[in-house]
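What follows is subunit A paired twice: with subunit B in the first complex and subunit C in the second.
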Partner chain A sequence: MNKIMYLEFERCIGCRACQAACRECGDHDAKERNYVEYVDFTESRQTFPMLCMQCKDPACARVCPANAIQITDEGVVLSAMEEKCIGCRNCTFGCPFGIPKFDFETNKMYKCDMCYDRTRHDIAPMCASVCPSDAIRFIDFDEMQQLRRKRTQMNLVEGKKPQEGNKWDYVPEFFGVYTDSQS
Partner chain B sequence: MSQFLVKEGVKNQIRKGEKLVTTHCCYCGMQCGMHIRVDEKNNKVVGVEPRYDWVLTKGKMCPKGVTAYQTIDHPDRIKTPLIKKNGKFVEATWDEALDLIESQYKGIQENYGKDAVGVYGGVSMTNEKCYLVGKYARVGLGTRYIDYNGRYCMSSAAGGFNKTLGMDRGSTLPWTELEHTDTFFMAGSNTAECHPTSIQWFWKAKDKGAKLIVADPRETATARVADVHLDLLPGTDSALANGIMHLLIKHDYVDNEYVQERCNNFEELKDMTAKFTPEYTSKLTGVAAEKIIKAAHIFGKSPRSVVMFARGAEQQTSGVDNVSLYTSMALLRGQIGKFASGVATFTGQGNGQGGREHGQKADALPGYRKIANPKDVEHVAGVWGIKPEEMPKEGVSAYEMFHLMQNKTIRALHVICSNPVVSSPNINYVQDSLEKLDFLVVNDFFMSETAELADVVLPATTWAEDEGTTTNIEGRVIRIRKVVDPIGESKPDWEIMSMIADRLGKGKYFDYSEPREIFDELRHASKGGKADYYGVTYEKIDEQDGVFWPAPTEDSKGTPSIFQERFATEDGKANLAVCDFRGPSEVQSNEYPLWLTTGRVVFHYLSGNQTRRVDFLMEQCPEPFVEMHPELASKYQIENGERVKLSTPRGEMITPVKITKAIRKDTMFVPYHWGKKLAVNQLTSPALDPFSRMPEFKVCAVKLEKLTK
Partner chain C sequence: MYKFEKSFYSKTSMYSFVVVMILFFSMWYSTSKFVHIDMALLGYAISSTVFAIGLTIRMSFWMWRKATNRVAKRSVDNLFNKERLKRNSKAFVRTLIDNIILQKFIFQRGIYRGIQHFMISWGCIISFAITFGLTFGWMRFDLIDPETYQIIVFDMPTITMAAHGIFAEIVYNGLNIGAIMVLIGAGMALYRRITDYDVKVTQRFEFDILPLIILLAVTVTGLILTIQYTFLDGWMHHYMSLIHQVTVIIMLMYFPFGKLFHVPIRPLATAVPMSYQEVVKVDTKSCKSCGQPYSNDDQIADVQAILKSQNFDLQLADGTYLSDYCTGCRRRMRALKQMNLEAPQGNPYGPVNTNNGIHISGFSKKRSEEFYGLDQDLKEEKVDEPVSR
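Our next item is the complex of A and B:
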C-alpha cells in the first residue's frame, strides 16, 4: 500500500456521505468512525472532515494498557482488538485529534482503520470513495505532491505571490472571494 | 476468496458469498452509479459498493445514495394491498383490491363520465413506468385529467427551454465536459446539497482556475466557494438576469456574429434591458451593484461558460421568464452548442428528465409531442392502437387538479409514485381536496401521508425490484437493473396499471411481460418526436455508458451535445427572452413583513417518505428548522434552537431556529421534507406561473412570532 489519505478541508460540502459510507464498510459494525464538523455555523456553512491521522507513533496505542491497538506492517493503526480492549478509554483521552470513539454499551473503543480490508488491496476506503467533493482522497504519494505544488502554481496564475508576512493567507486558496460592500 | 473485479481494470471489493448488481441511485437526477451488494444465499440486499467506473459520478455518492439500499428490505414496506374499512387499513388480496377498484372506477365513470377519474403521476420511476402512466390514463381510463409531480419540479425549466431553444433537454452538453468550463453562472441552485456528486465537476474546473458565480438568498455550501455570491431577494431573478445582460451589452461582451446568425429578438432585448442599470437592478434585487458588475465582467470575459439554474429560479410565478432570461445570457455570449459551454438545469427528481418527455403531463404525449397537435395525436394513437378521436383532450396542471376535486369534477384519483399532501403548496387545501374524493387509490411502498388518505393502497416495488431505464440530469438514458425479486406481494407500477386496465376491459393495450417490451413501444411512440428515443436500446446503453437523446435512427449513437448547428425552433433560431421584471405574487405587508423560501437539505429527498425512514439520515436531520440571520433573530429576541411560529394566510408551523449569517437578513429558509404539522408547505403560496403552471414555492411573505411561555 503506497497510497495516502489526502484531506482538503475547504472542499468539504458538509454532506456527511463519508460518515454514511463509513458505516457500510464490512468491519465497521454500522458505526461511523469519522467526523464532519462545522467550523462555526453562525458564521458560515464551512465544514471539515476529520479522520484518524494514522500516526507513526500513535498516542492511542501507546497509552493502551492492554496492547489492544495494533499497527499493521503498512502503518495502519487498527481499531482495538475486541478481546483485548478493557474499556479504560485511555485512547480517547490520549489521542490529540479526538478520534477514537467509545461505545458505552459494549464498553469498547472503536476507531478508523482506514477500511483496512479495502486499502490493503489498494481499493479506496469507503469515505474517500464516496466523497462527492474530493475533500477526502486516497491517492498516490506522487499525486499528493503534485496537488500541493499545483496550489502554488494557481496562486501564480492569478498573479498573487505570497510574502513572508502573509504566506498563510494563501493556504485556503479556494475560499470564496467576496466584495466588501454591505447589502 | 473475495473477488475484486467488476469491470475490466476496475477494482471493487466483492465479499465472499456476495454478488454486485450494477445500477444507479433511486434519488435525484444525478443518478449516481452504484453497485448493490446481494447475499447470494438468501438473495437479500446487504449493502452498497461504489461504482468507480461510472463516467459521470466516478463512484461518488451522497449520504442518501449510500443508504438508498436500506429502503429495499425495510420493515415499513407495504407488502400486501390495503383496503380502508371503517377508517382503518385492512390487509387484502390483489383480487379484492382490484375488484373494489374496478367497481368504483366503473361506477364513477358511468355516472359522471370518463373524466371523473384522474391520474396523478410522478417521475421518481423509470421511463417505462412514466410512459405507461400516460397511456394508462388515456387508454386504460380514457380520462383527460392526468398530471404529475414534475409540474412542481421541472415545468418552468421545460417551459423556458421550449420557448427560447425550441426543445427541452435539461442540459445542452454532457457534464463530463464541465471540467473544461471557465465560468459557471449558477442561479437558485444549492448543488452542493441537492446534487452533491455534481460538485466534483465544479471543483475539477475550479482547480484549473474556473470562476463560480452563484445567485442565491443564502450563502449555501455552493455559494460559500463562489467567486461572486449574488445574494438576491427571493423572486427577483428576472431583474438580475436583465441586469447582467444590460452589462454584457454595455461592455461589448455580446458575441454579435452568433447572435445575428442564430438568435431572434436581439433589438427588443436591448430595449428591454436598457433600464436595468446596475443601480436599478441593485434596487430590485437587493444585491450590491459592484457585485453585479463584477459578476457580469467575469461572465462576459470567459471564453467558455455554462449558465445553470434550479428550483430557486424556477419555482416562481415568473419561473419561465427566469429560465428564458438566464438562457438568453448564455445565448448573448454565443455559448450554446459549443464545447464545455451552454445552459443546464439541475433535474430534481431521479427521472425528472425522462418522466416529463413521455406523456405524463396534461398537455403532452410521448416523445415530447403535444396533445393539442392532431399530427402528434395521430402518431401516438397509431402506436397505441386506438383511433385518434379516442384520445382524450388536454387536462389541467397538478395543482389545478385539486380545484377540480373541490368542485367534484374529479371524483376518483389514482396517485402513482407521488406524495402530494407533502409536496404541493398550500397543503391544507390539497388535503381537503383529497378528502373530498369519493375514491382514492395510491401506489406506494411506504405509507406516505397521501397513502394514509387512500381507500386502497397498492404495494408498489422499490426501484431495485424492477428493470428499466431513466434519463439523467444530462439527458443520458441509463439502465436501472433489477437487484432482487419484489418483496412480499408488491408489484411494479407497470404491472399494477396493466392489471387495472385489464379489469376495465383494456387489457389488450397493456399486454406486457417485462419492461423491455414497454421500452420498445416507447421507442416507437417517441420516434420522430423531439425527445426521440428510437435509437436507444438496453444493449446500447450498456455498450456506451448511456445514450443521449435524441437518437432518431436505429444506428444512432445518440447526441451528447445539442444545438450545434441549429436550434429546435421552427426557424432554427433561438428566441432571446424579452421579459420585464414582474416580481413575486405576494408582497410584504405590516402583518407579513418577512420573506420565506424553502428548499432541500442534503439528507432528505422530496417529501421524505423514503429518507425519513433511514436511520442515518434521520440522525443527521430529524426535523425541519428555520434558518435566520442573527440580526433578525435579535430583533425578535430569539435564541438559537428556540421554537418559533411562522405563519402566512394559509397556515402556520412551529419549528426550531438555526441562527446563521449565511442568509439574507430579511429572508428565512425552511426545508420542506416533512408532512402534517411539520410541513412548511402549509405556508407556501399556490400562485402559479401563467405559462408553466408551476407554483411559487420559493417566495412568500411570512410572519415570525416568538412563542411566549
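Our next item is the complex of A and C:
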C-alpha cells in the first residue's frame, strides 16, 4: 500500500465535517484531533484544514522525555502511549506544525493517528472520507504525481516559469506520504 | 572515579556492577553475614539480581536519550536550588499523592480503568516489597518467645507482634492480598483488552496482552500454592512451587523490557510541576506572534536545546524558532507558507497576499481543462467516486 493524504487548503469551505468525523473514529474518545482554522479572519472567511504530517523523523517523538510516542511499521506516528506519557507537553511545543493536543484531566497527549484502524486496512481516514470539497483526500501515489504534473503544465501554459527569485513559490504543497512499503 | 570507569566495558556495566554490589552488601549486612539467609529463596535472589541488572541497563539507556537527559537534568538542578524549595516540595508531594499513590488521572480516564490499574499497581507494589524484602533478607521474622514474633528490618529489631494476632495475619497474608488485587486488576484489564474495540486500534499482543498473561500466571500459581498448603495438606506443593518460581523469573526478566518498564519512568512526572507548568493550565510564556500565553520559558528552552542537539533546523529567517510561537500560529504559518500567502517580506503587519497568480495543484481543475484545451491524463480519472468509503 502506498497511499497519500493529500491536502488542498484552498478547497476548504469551513464546514468542519472532518472534525465531526474525527470525533467518531475508533479510540478517539469523542475528541477531534484535526484542526480547521481561519487563514486571516480580518481579511476573509477562508479556512484551512490541518493534520499531522506523520513525519519520517518526528520532532514530537524526539523531544518526548518518556519515549512515549511510537511509530508503526506503516510510518504512522501514534498518540502517546497511555502508560508512559508523563504529561509534560514537550511534544506540543516541539512539533513544527503545532499538532499534538493535550488533555489535562487524563494527563496525556493525543494526536492524529490517521485513523490507524482504518488506514491500516487501506480505508480512507474519517476526515478524508467525509470532506465534501475534496480538501482532504486519501489517494494513490500515482494520482498525487498526476496532480502535481498538472499544476506545472498549467503554470507553463500561462508562461509562468520558476525563476531564481521565486522558485519556491512553485514548490509548496502538502502531501503526507503514508508509507514506503509497497505491498 | 575516572580510572574506575575505565576498568569497565561501558558505563552501563559500571552502573550494573555498582547496583549488584549494593544488593550484595545490603544482603550481607541485613542477614548478619549470611547467617539468617533463607536458602529456599536463593533462586529468587539470583533472578532478582539479574532483574536489577536489566533495569539498570534500561534506565541508563533511557537516561541517555537527549530529551530524557535534558528534562531530568533540569529537575535535578532545580532540586538543589534553595530558592525553589517551596515549589519543589509542593511539586513532589502533589505528584506523589495525586499521580503515583492515588493515580487520579487514570480514574479520569474512566472508573473501570482507574480501579483496574489501582489494583494491579498496588497489588504489585505490595508483593514486590514483600518478596524483595524477604529474598534479599532486608526483612525477616524472628521468634523471640513462643507467642511473639519480631520483625527485623536491615538487621535492626523493630516492632513485635503476637504470633496469632490480626496484625500478624495481615503480614503473613500480604502476598496473598497483593496477589488477589493483581488477579482482579489484571483480569479486568484482560477483559477490557478483549472486549473493547477502542483499545484494539493500537493494541499489540506481545506488548499489551503478554504482560497481563505473565502477571496472571504469577498470581494464579502463587494463589494455588496458598490453597495447596492451607486446604490440601501441601498436595503437589513441591511441583507447584517450582512452576511458580519459573513464572516469577519470567516476569522479572520481562519487566525491564516490556510494558512494565513504565513503572520506573513515572517519577519523572514530578518534572512537570517542578520545572515546567507550576500550576495546571496556567502558562507564562507568550507567543511571539499573537501574544497569547502558551508555555513557559524553561520548557521552550529545553525543547529548543533538545531539538538542536538532534539536528532539527527549525529556525526561521528572523532568528526565532518555530517553538517560539503558539501552536495556533504555527499551524497558520504552515498554511500560509504552503499556499504562498505570507505577508510581503519586510512587513509582517501587511495584508496577507491572497493571490500570487501561481497555480496550486488541483485548484479549479474542471475549468482549466476546458480553458486550456489540454488533453489530460486526468480526464480518465474516475468521475466523483461514491462517497461512502
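Going forward, the second predicted complex is superposed on the first by the 151 of 183 C-alpha atoms of A that agree within 3 Å, B and C clash if a C-alpha of one lies under 4 Å from a C-alpha of the other, contacts with A are read in each partner's own complex, and residues count from 1 in each chain.
Methods note: a residue touches a chain if its C-beta (ideal position, glycine included) is under 8 Å from a C-beta of that chain, and two chains touch if they have at least 3 such contacts.
Being a predicted model, the structure only gives us computed values, none of them experimental.
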| item | value |
| --- | --- |
| Which of subunit B and subunit C A:Ser129 touches, first, second, both or neither | both |
| Touch count on subunit A, higher of subunit B and subunit C | C |
| Partner chain(s) touched by A:Lys150 [first = subunit B, second = subunit C, both, neither] | both |
| First, second, both or neither for A:Phe41, with subunit B first and subunit C second | first |
| Which of subunit B and subunit C A:His121 touches, first, second, both or neither | first |
| Touching partner for A:Ala20 - first (subunit B), second (subunit C), both, neither | first |
| Which of subunit B and subunit C A:Arg11 touches, first, second, both or neither | both |
| Touched partner set for A:Gly87, first subunit B, second subunit C, both or neither | second |
| Overlap of subunit C and subunit B interfaces on subunit A (superposed complexes) | 10-11, 26, 43-44, 46, 117, 123-124, 129-130, 134, 150, 154, 157-158, 174 |
| Subunit B-facing residues of subunit A, complex | 10-11, 13-17, 19-21, 23-24, 26, 41-47, 117-118, 121-124, 126, 129-134, 150, 154, 157-158, 174-179, 181-183 |
| Complex interface listing, subunit B residues touching subunit A | 4, 11-13, 15, 47-48, 50, 52, 59-63, 65-67, 192-193, 196-200, 203, 206-207, 209, 219-229, 231, 286-288, 290-291, 294, 602-603, 616-617, 620, 630, 640, 658-662 |
| Sites on subunit C touched by subunit A in the complex | 62, 65-68, 70-72, 99, 105-106, 108-109, 197-202, 259, 262, 265-266, 268-269, 271-272, 276-277, 280-281, 295, 299-300, 302-303, 306-307, 310, 312, 314, 322-323, 325-332, 334-341, 351-352, 354, 356-363, 365, 368, 372, 374, 376-378, 381, 387-389 |
| Residue numbers on subunit A that touch subunit C, as the complex places them | 6, 8-11, 26-27, 29, 35, 37, 39-40, 43-44, 46, 48, 50, 59, 62-67, 70, 72, 78-79, 81-84, 86-90, 92-99, 104-108, 113, 116-117, 123-124, 129-130, 134, 143, 146-148, 150-151, 153-155, 157-158, 160, 169-170, 172-174 |
